[in-house]
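Scroll down for the structure; my scribbles are underneath it.
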Amino acid sequence: MVFTRKVNYYETDRMGVTHHSNYIRFMEEARIYFLEQIGWGYEKMEADGFSSPVTSLSCDYKRTTTFADVIDIEVYVKTISAARLILGYTFRCKDEVVFTAESSHCFFGKDGSILILKKSMPDFYEKLSEMIQK
Amino acid sequence: MVFTRKVNYYETDRMGVTHHSNYIRFMEEARIYFLEQIGWGYEKMEADGFSSPVTSLSCDYKRTTTFADVIDIEVYVKTISAARLILGYTFRCKDEVVFTAESSHCFFGKDGSILILKKSMPDFYEKLSEMIQK
Amino acid sequence: MVFTRKVNYYETDRMGVTHHSNYIRFMEEARIYFLEQIGWGYEKMEADGFSSPVTSLSCDYKRTTTFADVIDIEVYVKTISAARLILGYTFRCKDEVVFTAESSHCFFGKDGSILILKKSMPDFYEKLSEMIQK
Amino acid sequence: MVFTRKVNYYETDRMGVTHHSNYIRFMEEARIYFLEQIGWGYEKMEADGFSSPVTSLSCDYKRTTTFADVIDIEVYVKTISAARLILGYTFRCKDEVVFTAESSHCFFGKDGSILILKKSMPDFYEKLSEMIQK
């Protein structure tokens, strides 16, 4: 699944390139889009009473981008286990990979307890399992 | 009252200067500091159950600043009326005025109703009235 | 001319609403789009060797917005004089005006001198003059 | 070496906590402070004609923080090799570890070529080597 994003002027820094912290924000935008596309948009997540905070991140900056560059962000499922989801991200600009990353997530219910995805949300778990990128 | 702030690298843009949107954030930092200094810090405001959103802003950009510049932000009371507070801001860097601004605020109670400051918080109203810059 | 923008999760604050500083960034996005639509995109401006920094801003916050809200931003020309352009902005969300603003701009050439728009860029000046909103 | 940072209001999100992307910015603030303290402040780096972009990041979010929380950021050298520096970061708030991270950096000279630190900046290389945390 691909989410497309143009770099804004205010996202550049005095080196003339997109500031590296903004890629973490672009990851969030792409992740929200991805979850929405597979039927778990924000409203549904709230209605189902759960949140999925980032527990860890790792990323590699391969090439710089700058204002007005269009970035295609591919999001995919790396692994899904009882209580943890790992998503992968590949950012491409002008047909070149500029950034790759992973984010880990756990899931909380409305009462703040950790959810066992497989048990609490079997449909969502199934859906994500089918999408694991080989 | 003066609040001092160093410009961060990620607050610059590809023109090599502090992005103009960040001054609005520096104003908030200075305002929170100012309110804290006069005895209305965030915890007290929350305990007293009120919030003071920005209802309007106006500002003049006079000189650019950049990474590592130290900005001295003077905050003062311009006017205070029954339901509205107007604060003024003067940003100085290397002894020159780089930015001036005003922000207007109304006050809400916990139930979302507009507070009449003079009535609901006479101490705070008094304090601000005494501080009006002639 | 209307530029449409969805509010990102990271643009909200702990009040649960879009942080007011982000509207200044949305104004920049809409302005760049507007200039591009009338034939003065960033690349052309750079090729013509000029920049148009914000010299002043004023704005009114009328209603809050939050994550996933879609904002329609109308940009128009308020006044254009020899050396100064004033743009107006109306932000609408769910058919209600949520924010209005103005930004003033001067124009600099590559050598840093102030440009007299009417003389240095008569086509651009003409185009903007025709667009003044009555 | 410890850099101290208070969380700003605009750095929180609608979950009521510091948005996770801001920790990447706090890392940059702490890193710049750290390099300055060991004698490689920004001005010197620029005078010596070099830059040190982030090539990769990894981080773990352990506990949330929010507005007005004071974060103590410990920065240390993890490894230093011919062409690569890895810094470590431990964020503490109220005596608890809230976030840990690593950032990798390469070094570029003014002409954009990769610098071999040991050769091009032996003093800096030596200094960093001595600081490796056992």
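The letters A, B, C and D name the chains in turn, as written, and every chain counts its residues from 1.
We adopt the following convention: a contact is a pair of C-beta atoms (placed from the backbone, for glycine too) under 8 Å apart; a residue touches a chain by one contact, two chains touch by 3 or more.
Predicted model only: the values in this text are computed from it and were never measured.
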Exercise for the section: Name whichever of C-D, A-C or B-C reuses the B-D interface, so over half of the contact pairs are the same residue numbers. Expected result: A-C
Exercise for the section: Select, from A-C and A-B, the pair of chains that is joined by more C-beta pairs in contact. Expected result: A-B
Completion exercise
Expressed in whole Å, how far the mean CA point of subunit A lies from that of subunit D is 24
Exercise for the section: Could you put a whole-Å number on the gap between the CA centroids of subunit A and subunit C? Expected result: 30
Handout entry: Gap in Å, rounded to a whole number, between the CA centres of subunit B and subunit A
Key = 35
Practice task
For subunit D, write out the residues touching at least two other chains, lowest number first.
Solution key: 9-10, 15, 21, 25, 28, 67
Completion exercise
Seen from subunit A, its contact residues with subunit B in the complex are 9-10, 12-17, 19, 21, 66-67
Problem - Residue ranges of subunit B touching subunit D (in the complex, touch as defined) - result: 8-10, 25, 28-29, 32, 42-43, 67-68
Problem - subunit D to subunit A touching residues, read off their complex - result: 15, 20-22, 24-25, 28, 51, 53-61, 64
